[in-house]
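Letters A, B, C and D mark the chains in the order given here, with residues in each chain numbered from 1 onward.
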Amino acid sequence: MESLLMNILGAVTTFLLAFAVGMTYGGLRRKIVARVQNRYGPPFYQNFIDAFKLYSKSTAIHHGAMHFLGPAFIMVSSVVSLMFIPVLTNNQWFPNLNFQGDLIFLIYIMVFGPLGMALGAGQTGNPNSAIGVTRGLSQMVGFEIPWVMALIALMVQYKTTSITGLLDIQVQSGHWFMFENPFAFSAAILASLGMFRYSPFDIVGAPTELASGPMSENGGKFLFVMMSSGSVFAFVKLTLIVDLFMGGASNLIILVIKTFLLYMIPVTYGIVSPRYRTEQSITYFWGWPLFFGLIAIIYAVFF
Amino acid sequence: MDIINIILVIFFAGALITAFAAKISSIVQDILFIGTILATSIIFFLNINTNTETIINLSHINLTLGLTPLSLYFAFIVFGLAVLAGFYAVGQMQGKKKKGYFYFNYLLSIAAMFGILVSKDLVSFFIFWEIMTWSSYLLVIYNGENVQKTGIKYFVLSAIGAYSMLMAIVIIHSLTGSFLISDLISGFNNMSANMQILIPVLLLTGFGVKAALMPLHIWAPDAYSNAPMSYTAIFSGALSKMGIYGMVIVFLTLITKLPQETLIRDIIAWLGAITAAISTLWAIKQDDAKRLLAYSSIGQLGYIVVGVAIGTPLAMLAGLFLAFMHGVFKSTLFMVVGAIEKQTGTSNLKEVTGLIRKMPWTFIAALISIIALAGIPPLGGFVGKWMLYESLITSNHYLLVTLVFFSSTAAFLYCYKFLFGFFLGQEEKEWSHVKEAPAIMVVPMLILSLISVVLGSFPQLILKPINSALSYYSLPDTYNNLWKESMIFNKWGDQVALTPIVYGVAIVFIVFAVFLFFKNRKTSRYVTTKDISTSGEVPKEHENLTFKENFFQPFLRAVEPAMKRQMDKYMLAFAKGLEDLFDFTRRIYNGNGQTYAIYAIIFVIILLLLSNNLFS
Amino acid sequence: MVGTPVLFIVIPLLAAFIIPLTGMVWKNSVRIIPGLVLSYMLALSVSLMWHITETGTVVEVIAGWKPPIGINLVFSPFSGFLATLMIFLGLLVWAYSYKFKRNVDSEPALKYFILLMLLVTGSVGIVLTGDIFNMFVFIEIVGISGYGLTSFYTRRDSAEAAFKYLFMGSIASTFLLLAIMIIYSQLGTLNIAEIADKMPMMSNKLKVISLIFFILAIGIEAEIFPLNGWAPDVYTQAPGPIGAAFAGIVVKSAIYASVRLVYTMFDLSGALDLFIVIGLITFIVAETTALRQERLKRMLAYSSIGQMGLVMVAFGIGTKEGIFAALFLIFNHAIIKSLLFFSGSYLVYNKKNKFIKHVNGMGKYLPITSILFTIGAFAIIGLPPFAGFWSKLAILTAAADSKMLMLIAIILTVSILEAVYYLRVINRIYFFPKKKSTEAKKPTLNALIVMISLGIIIMVIGFYPDLITGIIDRAATDLMDKTGYIKDILTINN
Amino acid sequence: MEKYLEILNYTIYGAAILLLLIGLYGALTKKSLIKIVLGLSIMDSGVHLLMISIGYLKNGTAPIFSPGHENELAKMVDPVPQALVLTAIVIGFGVTAVALALVIRLYKHHNTLRIDEIKNLKW
């Protein structure tokens, strides 16, 4: 009973941590982008303010059951995948459900979110939402392939599909996989650009246009849930890559540093790139990232 | 009489009586139809026994019937779907013409599938296979649309498959002197190397047709979409599994004994994966839900073929599990389309829209099945997909797994298109009259969706019979090894525990759904889908807010090169060319009696000239 | 035992003379007497079949001259099987056409039934006779009655068909006589058994020439390619049931003759391979030609020719399984093709051109006929559980046992074409809208009974082939037993 | 001289075969239906002649048993071909009659006797 309670406590803590880190990173990104674009930009805690504002707003209208369920689906995706990722190398702290799933499972549960978002957006009847969803799903097919190839390369190289297993190998040997198999790392990083949906892959949400993309019909608590899910999800992705390629983190500070450095890659890449059209981004992902993925697998098999 | 015979006799008698009951009354026909299915299923489920064997003695051929654990597993699929789709069919066929024709062929094809499964010798296997083919052919052309194109295409492809199988059967008989499958298995080692290749290839061709494997799949989109949906549920759900069933036997018993084992396995697996990838792309392109699902079926069967072809214990588990799951969710989806078609009169995704509030139960069934199809945890589809990927990775098929993964990810696109097209989006006035389908149609769908949900948390329900089926063909026991209760492992010992996953997903989902619901329920009100924020403007009445055209245009533009070449077109062109050739050659018979006489003289002269060579 | 084999010949010939006389008194007797004669022949042959299972082959010596001098009739399991089948079909054709031409005045009907009876008699004679010249005579009887039946309808292009048939038939008879004379001049006998006995004495060259002449002559009747140009025309233009009679009776007798030649008379080794080649070419050409036919009966005709090619192939395999398969195929083809011709004639009843498109939508107006046609088509394609499947399985098994894999592949490939054109017709019957100009004609009761009984036979054989396989097996054994045949005839002492 | 007479014995065969070929030629090349029927008849005659000549013996006697001539058995011509020819002639006659009847019908139906114009049934 006590362990169950501890588990739940741990899970909630993990969630809060992910929420906080994700929100902060989001705010920092806004700031950095603004500074690069020679604007002043919002403070780094702006996202917290936004979230609080959204949470306290009451929702006036809804479009039906899926409108409610869509955000819940998204949340399931980010939270459950968070539960299955070791946050720290020392598993005593946040064990959650680390040993119960593996990478394949994680890949699948991570795509659960977009589908949920798609369903919620579909119910609203806003054509812009649906257009955004189709773009998002198409783009997802694009980046999932190199991403999966990178992961397969790792799994093949180390004969395990478990995240904790891969992490343990890194911790014990002291070698990070980003150096052991740099191609896999490149493919994963390039794929993660798409996952974050920052520029140049931001046609899905189309944030610079007014009220377009999957979220355009969501406001208030719907948007709050989506936003927090997004933040958690960003944390999940970063932690996952850190776990898989950068030897994990033995404590929170290292985790923050590593994830932040990692996070800067899509952010800076986005700042300097103009937006791609959907098919351009798909072909982008099936270019170099796919090639790297292929090389990674070959490297993993033969070396 | 033996149970198997009784079931078959009931089926055949029931089919005939049902067909002729049209003279009496429509209700009686329905009752007889349902009665036949229920009676046979009840007899079957109450008397499951894999030990009995019935031998029907003919003068030179003995037909041996009996169940094996593997066929028992497939019989579950067949009978389960037959009953549910049967009830559904009664609902769907209300007020339609040619009910007797439909019921007759429906029952006959179920009987034939059962017959295939209980056949222990190749002749009865082939007999039932052919009965299945023609009864399903008659149902494919039931709607009378494109009968010459769709129907003939289906039949020709089926005939190619069946005849290559027949060729294999007679060759086997000439080599072993027996038609028994067990004799084939035991005598396979003594055959010459050529025959050892030829026989499996021929058999696989035969099964590949029904399993819609790559170059032989061209019948499937048309056939699946033209048959009545209540039958397509069976067609795609159970009938295609007969091909899988045959493949499983071939791979488990024959291919393993070959020196070229890995080569054949790889070829078939790659064919399966390519099938899956290409047909997924085509499914994304379809605007008709039936065709979308048809292509999706081909793709799903491709996964199953991959699993079966790879043939490691885990891959076999995956293939067979997916076979069951595909039967469950794909028949649900076909039923959904059927229900929508019955209620709205069309199955075009471009026309129908916004049915979620009109047909909520259908939507739930569709949603669950789509999630299962997409392989997203915690539903049953995930278990199969997981095992498939793990088996591919652990057996060193890295590019194959990438390809499979690609098609499985791309499948999300058509999944969404299906759900969005029918249920989500704008609620147009045109469909405001639509009502939920009758209960007799909805309940089977819901039961099937429930199965999808249950299997996601308790895969052992299905893994146990699969395990006994596999151990019958002397594969190592997989219990404790690859699965244990609701835990599944791979060869490297990595595991996925479904129970925590299901709990986790359920808890998170409920927490947030409840949160959103209770926080918003009081304050918010429902508004129609016309009342949306289009960039801050209020949309006017005449403005089109429905997004239907060119749904995945950007994606399709990106994958265009892969879709340029269509096997279908090549094959049709080939058939057309052949027919024209024959049309030309038949001019030998030019109508002039004298020419015929000249032919005769030429014939004699040729024979005389060749006589030295002919009669040495 | 109701009688001796000679009655097969005597009774119908006698009746043929009497019928015109009785026809003057009682017009209906013209229809009825042939039926009675055929029924009697059926009863006779069935009882003989029963008899020979106990006593072995019955050899009838005519006019007290013992073989090899006298003419003899041989009722062996093989010839008896074919004779019974032919008479049975003849009876069915009679029953089917009993009221077929009710609206035709009795004068042509008189010809029709007598000619039908003679057709059957001639074919039975070919099968039963043990003498090659006698065989020639019977072939001519079949031919002449065939010409008459073909040109039965004056309004169609029937004379054209009949003339082509006659043309080819005359050439056939010339070469048949030549072949017979070559053999006679060398061996000094016309008795098949004695010829077979003395055959090694003949020089190889003459043997080959006479065999080729025989093959030409009998091949014309057996519709082998390229000698079958007349056949589709005749099938198309003759009255519907006569198409069945040709497919089921005449061709079978010719096949019998050719088989008797190759298996019993000649001892040339390459003859069987020739059979396979010719049969296969016939099969392929006929089936591919049938694919794009526009007329129903012509399609059925080509299909029939193709099946005969397949029978030749099966005989050419040369093993007992092959003969078994061939005989099974003969039986099935006789039954099934008759059903197809019978029901097909009603599907395109009132149309002069009998285009396939005239069957459009008939499934609704002629449900039973359509179902029977469907059963027939499925059976001839070889779909289980209909009769045709077993013969197809038998022939493929025989081919496989003889290691002829290419043969199996070709047969199966061509069978797909066969399936295609039959299914096209079936699709038209059920799924195409009826043409306004066509009108459905309900089959008469007798025709319906005949068709249904044929359908039932197809189904029953399909479910339980053992009903017939025993007889066929004995027949096949009998044909293989060449020395037994010679001994049976030459040592007869009654 | 003897030698030439010996050859002359075989001329009958040559004549028969020549007749056969003439008939065949006529049947195969002439376009008129009547000529074709004539050709067929000539063919028949050729065969009949051949048959007769096969049974013929030089200086043979009629195949009739009569008292006192029992020792001439070997000199008798073979009676069988003669019987056969009789039958064949009758049959040939019948066939020719039917053929001519058909020719009349054809002429009425098609208004021509050219066989290459009577091609309603083909392919």
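The definition used in the following text is that contacts are C-beta pairs under 8 Å (C-beta built on N, C-alpha and C of every residue); 3 or more make two chains touch, one makes a residue touch a chain.
Note that the structure is a prediction, hence the values are computed from the model and not measured.
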Would you identify the chain whose Cα-based centre sits farthest away from the centre of chain D?
-> A
If you tally C-beta contacts across A-B and across C-D, the winner is A-B
At what distance in angstrom does the C-alpha mean of chain B lie from that of chain A?
-> 36
Taking each chain's centre as the mean of its CA atoms, how far is chain A from chain D in angstrom?
-> 101
Where the centres are mean C-alpha positions, what is the separation of chain A from chain C, in Å?
-> 79
Which integer distance in Å separates the CA centroid of chain C from that of chain D?
-> 29
Residue ranges of chain B touching at least 2 other chains are 586, 589, 591, 593-594, 597, 601
Taking each residue of chain C in turn, which ones touch at least two of the other chains?
-> 160, 163-164, 167, 171, 232-233, 289
Where chain A touches two or more other chains at once, by residue number | none
Go ahead and list every pair of chains that touch.
-> A-B, B-C, B-D, C-D
Of all residues in chain C, those that touch chain B in their complex = 160, 163-164, 167-168, 171, 175, 204, 207-209, 211-213, 215-216, 219-220, 226-227, 229-230, 232-233, 268-271, 273-274, 285, 288-289, 291-292, 378, 383-385, 389, 392-393, 396-397, 399-401, 403, 405, 408-409, 412-413, 415-417, 419-420, 423-424, 427, 430-432, 464-466, 469-470, 473
Partner chain A, residues of chain B touching it in the complex = 354, 356-357, 360, 367, 371, 374-377, 382, 385-386, 389-390, 393, 396, 398-399, 401-402, 405-406, 409-410, 412-413, 415-416, 419-420, 423-427, 490, 492-497, 500-501, 504-505, 508-509, 512-513, 515-517, 519-520, 523-536, 544-547, 551-552, 554-555, 557-559
Any idea which chain A residues touch chain B in the complex?
-> 58-66, 68-69, 71-73, 75-76, 79-80, 83, 97, 99-102, 104-105, 108-109, 111-112, 114-115, 118-119, 122-128, 130-131, 133-135, 137-138, 140-142, 144-145, 148-149, 152-153, 155-156, 159-162, 165, 209-212, 216-217, 220-222, 225, 277-279, 282-283, 286, 293, 297, 301
Note: in the complex, chain B contacts chain C through residues 58-60, 123, 126-128, 130-131, 133-134, 137, 141, 144, 147-148, 151-152, 155-156, 159-160, 163-164, 166-167, 170-171, 173-174, 198, 579, 582-583, 585-586, 588-589, 591, 593-597, 599-604, 607-608, 611, 614-616
In the complex, chain C touches chain D at residues 133, 136-137, 140, 143-144, 147-148, 151, 154, 157, 159-164, 166-167, 169-171, 173-174, 177-178, 180-181, 184-185, 190, 232-233, 236-237, 289, 293
